[in-house]
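Common to both upcoming complexes is chain A, partnered first by chain B, then by chain C.
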Partner chain A sequence: MAEKIGVYVCGGCGLGEAVDLDAVCTAVKNKYQPQCPVIKAVPVLCSSEGKAAIDADIAEAGLDAVCLCACSPRAKWDVFTFGDKIQVERVNLREQGVWSFNKELGALEKAKGIDDLQLICNEYAMMGVVKMIKSNIPNPEVPETCKTIMVLGGGWTGLNAANAAASLGYDVVLVEQAAALGGKVANFYKTFPLSYPYTEAHETGLDKLITQVTTNSKVSVLTGTTLEKLSGAPGLYKAELSGGQNLDIGAVVLATGWVPGDTKYLAPMGYGEIKNVITTAELEKMAKDGPIVRPSDGKAPKSVAFLINTALCSVDSCPADVALECEKEEQAPVNPPAEGEEAPAEAPFCDLESQRHLALSSELSSLVALKQANYVVEKDPEAAAYIFYDHMMVPGINERYYKAAQDNPGVMLSKAQIKSVKAGANGSVVVSMTDTLLGEAIEIVADLVVLPTSLVPTTAHSPVVNLEYRQGLAFPDLGLFEGYADSNYICFPYETRRTGIYAAGAVRQPMGLALASEDAMGAALKAIQCVSSANRGVAVHPRSGDRSFPVFNFVRCTQCKRCTEECPFGALDDDPKGTPMPNPSRCRRCGTCMGACPERVISFDNYNIDMIGTMIREMQVPAKIEQGGPRVLILACENDAYPALDMAAMRGKPWSPYVRVIPVRCLGSVNAIWVADAMSKGIDGVLLLGCKYGDDYQCHFVKGSELCNRRKENISESLKRLGVEPERVDQFQVAIDEYDVVPSMIDKFMDMIVKMGPNPFKGY
Partner chain B sequence: MSGNAILVVGGGFSGITAALEAAEMGYEVILVEKNPYLGGRVAQLNQYFPKLCPPSCGLEIQFQRIRNNPNVKVLTMAQVTKVSGQAGNFDVTVSIKPRYVNEKCTCCNACTEAAETTVPCEFDFGMGMRKVAYRPNIFAFPQRYAFDKAKCSEAEAKKIEASCKYGAINLADQERTQTFKVGAVVQATGWKPYDVSKLENLGAGKLTNVITNMQMERLCAPNGPTGGLLLRPSDKTAPKRVAFVQCAGSRDENHLNFCSYICCMASLKQVTYVRERVPGAEVTVFYIDLRTPGRYQKFLEKVSADPKLSLVKGKVAELTQEGSGKVLATVENVETGIKNVEEFDLVVLATGMQPSVAGEAVAVNAPRDEEGFFIGSPDSGVIATGCAKVPLDVMRSAQSATGAALKAIQTVAGR
Partner chain C sequence: MSSPVRIQPDPSFVRELQAAGGESVKKCYQCATCSVACPLSPAENPYPRKEMVWAQWGLKDKLMNDIDVWLCHNCGTCSDLCPRGAKPADTLAAIRNMTYRKLVGPAKIGEWMSSSKGLPYLAGIPAVLWLFIWLLTTGLSIPAGEIKFSKVFPGDFTIDPLFGAVAVFVAWSFYKGVTNMWKSFASLPTTFEVGAHCEKPTLVQAIIDVLRDDLYTHRQFNECGADNTERSKGHWALLAAFVALAIVTSVVAVSHWGSKVPGFHWLHALGDTPMVLYSPVKLLAIVGTVLGFYGLTMLTRRRLNLDAQKQGSSFYDWYLLGVIWAVFVTGLGSMVLRLAGVAGLAYPMYYLHLVAVFMMIAYLPWSKLGHLVYRTTALVYARMSGRKPLTRVEDKIFEI
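Our next item is the complex of A and B:
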């Protein structure tokens, strides 16, 4: 709680001309003089003189907080820093006041003549002051943490990750379920090229990598071992391994890779029925072990056809029981336990493999076919290899490898639509196709036909990470990516809903070895960052370095479990009584738990229910709409909606003068009590501005805006019961680049409110 | 700065990512960007595929991370001119161009209002104009204006100087250099759109209604020259028939001897721009292969379900433009072999990505291939990442850059 607040009102950027700065000061003085020993207007606060004045006051008056009524916190951030002992609040009078104000806009006829801009500035300044009064500098407890990185999976990616983490001085435990290291790559004869000039397949270099890892004293290798259970939190994990071994672990790199897709999905192309139809996985093994022969008679094939157009195996042609069997289960709602009932021990896990993995593996299918076509010619210069594709999926630099194959006289490539694959005479296989370079409709008779092997992530078949978390054993959202333990963020590919576990390699996406080794390094770095953040008591992405953390006042907790269910990151477990058990190092500090709690049990030192509630109470609501205008409270996501408003103001797009904007960490942190308080105070409407939700969500906390929208539905119900129009509370999805749209969203909402008339609670 | 500091060359998505990932491990980072703002190519994009989300959303988080991390030192309008020494011990010289706007700038816009001279806006690939005193873009980070003093008269410069109440215009600003000691260099210099003037048969950039995919991004961006309206350049009308020409320069030994990775997905994304903005518009994409690897398959399925979209395996042999503004495309359909001429209102060339530094000297001593990509030199202390190394999409650039941060830390750790 700030006790000595310096309040500064800036006169720059048009503020001084449009606003009576002294009146802002007086308004603050009248109410908060005891807490604010310094209250002053400064011509240009960001000037060296302005900054020096603040610094001098901090020293002389012993200020512990400054409330800077000037521009957006997105501007001049480098000027307004005062060390970690001084709390800083940036009251945005420029963008949300003078730059977005238009006295003609939306003002009600009778209410004209009121200096709305002055009211806006006065109220925002007061809000800034009370925010500081309700805010403390967080002082996280720093637990005794373990820094060991556990790498799950001793294949190519896992080995690279182990090496990478060890190279930065971290102890590594490498857990591999097989008896030997190497994973799938151990069966590779060669890899497609990993470096310049990208034209020839070569040895993988796996043996060298294994030696590096096994001779590294920082890495302990546990083969023939699986992870049975992972409990705890980043920096404080307990890993229970098969064989009863228990280890303290800091963070995890998940590199359990892939398994070959079920060949049943290849049945429409003859696999299983025709002996000489094999998969690339089978051919790779053969090439590794010696000559390529066909299964029917052990003879070396003179013609090998690689069919990478697998459209025949698409959903329609698959047996109905195979198709979509999982999707049905996916859609089955997981019912939250009824009150008093025990939560289920584990969320049901559904196998996510489907024929779609063939299409999702398209890039590897193309590259592997190119590589293996070269094997055919390399092993038998008399033999011919054919590749039939729909789209040669070799994006990027691997085009050069494709070009090199085109120059190989033994390799023939053509687009083709495969119509059928049938057994021919003497063990041959007859492939009928259309739309090829060789003709409209042709038949190829091959000694051997090779079909692609899809890369199905291990996480499609089992939880793998076996988390002892209240929200379940596995990564949530696996269904979004057909079981791949991937991130839904483009910009932040390592961010998932399970802090401390970073997936890399083919468990995340089908990828070749070059990308997988880089990915392993990326994931290792994220794991190390997570351990080091846990060790300092600070948050990881997206609020990296944030020292605040949720504090629980358990006395009032009713064990309703809302917070444990709603946390997007599964940060909260239940104790046997059902009381939430926080795990600060799993927490991302979004405040979704705080928004969920009906008892207001959860708070952050510098962000809490009381703080925002008090700020809302600083809104002055005119007794009569027609005389002072209506009032609408906007709770805006600080990451996207708030910058959008800033940019709208910068582009000179004003909005209604009757709204007051309060930024929130995430809409997920919006507690219904704020809305209820606002409505009971006579505020005419509440608008929630947050990120897009759904499969392509833009919420930086994954579920925040979606959860808020659900809460909004409940609020609407309550309003109805009280005889208040539910439309008075609404949520809009605003992307950060919708700066030209957001002012009109606000104005439309305001028009609706004006038409609807005053909040029936006004004046009570 | 010391031997365990890291220099990151290039402030695009890869460079920002590498810089932050290293800085959040506690290392000092100098991030050098030649533009007056950070964000590189992604700052110019309207949306990312496949989520169709604005790049500024992720950039805002990155900028917040920079604001909160004193380990990152950002230098804009800056170029690395000299790197000497070896891994663990480099001496770096950075040259900073005069911006003529100092740290007092509040972005109040008075200088832009005072300026009269306009020049083609490079951020919009010349499709719009900007004043000589300008905000590089609405989302510019750092938030500071820039002034092209050389492009206006002395009198106008004086007027612009006088318009600033904060003393932020400094007409005496000069190019200056700074030197740093660093232990590792991350080369994240990214890519540039392939020069269309080399594509003679596709109009060589001279046909007004034949634009590049990057220009298309600007046309559809809310902060672009048309405020996000899709209007063709010749007559500012909404195009009813739009064609996309894939591999404009890419996969061609005479131009770019590689596939540029992103163009198929970028064009499919831009198909949604057209369909959203121009009701009833018909779109054709002429391609060799549709490269939608991995989970992008879903996006292909979603976009290709649009009945107004034709995906044609075909090669565009020639583009010409008529007086009416119609663009005539001579197309050979690869599947049918039929060659014919089709009319379009607007044609978008899916121009590829060329390494930004292709054909240019660079300060670091690091090997590059004949196309200009860095080919990697282990233990040299120079780590290439993102599209400076191979063509990649944004997601894979972020992966690559995070890995690069680790490699840089390996080089400097313990020094």
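Our next item is the complex of A and C:
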């Protein structure tokens, strides 16, 4: 709790001309004089003079917090730092006050004697001050942690990850379930190119890599071993291995790779029924062992057709889609069990393989077909290899390999829709197809037909990590990614839904060796970031370095288990009674638990229910909507929505002067009480601005905006019971680049509120 | 839906085609920029995009029956604009080369004509043949007195019967080639006409049209996208030279052999050799020679200046240019040396001339010069079947 707050109002960037700075100071002084020994307006706060003035006040007046009413916290953050003893609050008068102020509307109001811009600035300044008053400097407990990195899987990715982590000075335990290292790559004849000029397939270099790892004293290799159980938290993991070994582990790199897809999905293309229809996995093995031969007669094929358009396999001829059934189960409403009731038994693990893995592997199918077509010509220069594709997917530098392969006279390519694959005379296979580049429906006779092998992640078949977490053994919601151990590969690569476990390689998404090496390095670095955050008691990501942590007031806890169930990261276990047991190093500090708790027992030192509640109370609501206008509270996610608002303001896109924006860590942290407080105070509407949710979610905490939306439904119900229009509380999805539409979203909501009229509770 | 066509890809054909001048064919990724850019391509089933994919797949039957490779006049616009450097123009030229090679037998000549490795055979046959005749007539010695080439190579008993036989062989080969070609075109799908019905020309009308509108004007050359002045003028001049010299040869032959027919003795006055320089026939020969040198110079200069990144030259191209150069240089040389009275050089020069002429004429159906007949045939067929270039409403201008 800040007791001596310095309040500074900046006059730079046009603030001084647009707003009466002294009036802002006076407003603060009138209410918070005792807590604020220094309240002053400064011409340019970020100048060296401005900064020096603050430093001087801190020294002289013994300030423990500064409240800087200037620009967005996203600007000048490098200037306004005062050491870890001084709390800093940035009040965003520039973007959310002056730059986004609707001047036309402002002029109309001013004619009536109301200075909206001044009101906005005064209120934001007061909010900043009360925020400081309710805030403490967090002081996390620093546990004794272990920094060993466990790499699960001794294939290409795992070896690279072990190498990477060891080269950076960390102890590594490499766990491989097979008797030897190497994984799938051990069966590769060649890989498509990994280095300049990227035109020819070459040996993988696996042996060299294995030697490098096995001779590294930092790495201990455990082959023929599996992970039976992983309990604890990042920095404090206890790994129970199949040999009965128990290890202390800091973080985990998950590199368990893939298994070939079930060939039953290839049945519509003749696999199983026709002898000379094989998969790329089978051909690779043949090429590795010697000549390529036909299974039917052992003769070398003169023509080999690679069919990488597997559209035929995606039709209903395939077995029932198991993944869909899983999703159905998941969509069942999650009702928190009533008090005293036993927690439901863990949902059984559900296998996620489906024919969709063929399509998901198609980038690799293209490259593998090109590579193997080259094998065919390499092993028999007279032979021809045909590739029939729907999309030739060779992103990035692999384009060079595609060009080189295309240049081979024995390799022939065409787009095609495969219509049928049938047995022909003398063991040949007849493929008929339409929509080819050759301009007509064609039929081709091949000695051998090769179908793609899909890369099914090991996490689609089993939990793999065998976590001793309240939320279960496996990663949650992998159905969304067809079993690939991913969270959101664009925004948060390598991160899984379990802090401390970082996925790399084909278990994350189908990829070749070049990408897998890169992945291995990325995941190893993430694991290192994790162990060197856990040992300081700070958050790993996305709030890297955040010292705050959720504090539980167990006295009031009713053991409803909402927090333990809703935590997107499974950070909370519980005791047999249902009392949550926090694991700070698993926690990402989003505050979803705080938003979930109906008893409001969860808080952070510098972010809590009371703090935001008090800030809301600083909003001055005019008694009549006709005089002074309506009021709307915006709770904006500080990750994407808040920057989008900033950017809109920077580009001079104004929004309604009747809204007040309060940033929140994540919409997941929004507690219904805030909305209730706002509505009972007479505020006419509450707008929740957060990230996109659903299949294509962008929420930095994965489930926050989705959970908030679910809670909003409950709030709507309550509002209806009270006779208040439920439309007054709404949630909009904003991406960080949607700054061009954010102001109109706000204005549209405001128009709706105006049409609806005042909040019936206004004035009570 | 039509039933699927069974295709038989042939990688060895792809390799042959690459060796015959289409080495970049595999680079094509079927964007069809070439078909859009081609100034001569018809609207329906345009070329050369489809030829490129057929060539990549080694579908030789389709390519050997393809009329469109003959409609192409090799201006190189497609190669200029190709984003992959696949050089469609070179591929079409290579396909034509493959046609010269495969359309008629004996296959051996086709093979010799396909690369410089065959050159010793091609030159060796006439060299030995004429040397043998020289041995028979004067025992390889230079005859004394006025220089008369008939002293060494008497027309009646050596040149005329030999070239007569060669001409019959060539004519027969062309007859077979043209028939094969015509039959293969007949397997092409007919062109459907949309809109106003237009009368299709008869065979005779089509031939007349081709001679008048295509050959005489060189219209297609001029319509080709890039600046073709050099190529168009050179090609026209060389064609005119051939026509002029063909007339001269015919006059000489007719006057010589015709005069032996009783009652037509007077014919010999027309073309007794050697002729005086002011004889109209001799003048025509000189004009032809000048045109020939002009055309050769233009065409050779253009080919030497080609941007190798865009267009290449195959053995077929250089063989033809080389042989024609040899014919003209030795022909002119023989005349000049004869007039100068240098017997010791004049006779050997004439010998070389005969070797060169033999090399040009005897292998004609398998050489690039075969296009004289095959392209004309294809153009006639195209006119009859209505396969015409896309009518242009505005000039296509390409800037790179």
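Quick note on the criterion: the second predicted complex is superposed on the first by the 699 of 764 C-alpha atoms of A that agree within 3 Å, B and C clash if a C-alpha of one lies under 4 Å from a C-alpha of the other, contacts with A are read in each partner's own complex, and residues count from 1 in each chain.
The criterion applied here is as follows: a residue touches a chain if its C-beta (ideal position, glycine included) is under 8 Å from a C-beta of that chain, and two chains touch if they have at least 3 such contacts.
Everything quoted here is computed from the prediction, not taken from an experiment.
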Once the shared chain is lined up, is A:Tyr739 touching chain B (first), chain C (second), both, or neither of them? first
One more residue to check, A:Ile444. First (chain B), second (chain C), both or neither? second
Which partner does A:Asn408 contact after superposing on A: first (chain B), second (chain C), both, neither? second
Given the superposition on chain A, which partner contacts more residues in chain A: chain B or chain C? B
A:Tyr265 in the overlay: touching chain B, chain C, both, or neither? Say first, second, both or neither. neither
Look at A:Pro197 in the shared chain and tell me whether it touches chain B only, chain C only, both, or neither; answer first, second, both or neither. first
Check the residue A:Trp674 against both partner chains and state whether it touches chain B (first), chain C (second), both, or neither. neither
Output check: A:Glu382 vs chain B and chain C. Expected answer is one of first, second, both, neither. What do you get? second
Chain A contact set shared between chain B and chain C covers 403
Residue set of chain A touching chain C in the complex reads 303, 377, 382-384, 386, 403, 406-410, 412-414, 419, 432-434, 437-445
In their complex, what parts of chain A are in touch with chain B? 12-14, 44, 46-47, 71, 74-78, 164, 167-169, 195-197, 356, 359-363, 389, 391-400, 403, 415, 435, 481-482, 484, 486, 488-494, 509-511, 515, 517-522, 524-526, 528-529, 532, 541-542, 544-545, 639-640, 643, 647, 650-651, 691-692, 696, 698, 700, 735-740
Write out the stretch or stretches of chain B touching chain A in their complex. 13, 21, 24-26, 46, 48, 50-65, 67-69, 104, 106-108, 138-139, 142-143, 165-166, 221-223, 227-228, 250-251, 257-261, 264, 289-295, 297, 313, 334-335, 369, 373, 375-376, 390-392, 394-396, 398-400, 402-407, 409-410, 413-414
Residues of chain C touching chain A in their complex? 1-12, 14-15, 18, 26-27, 29-30, 45, 50, 53-54, 56-59, 84
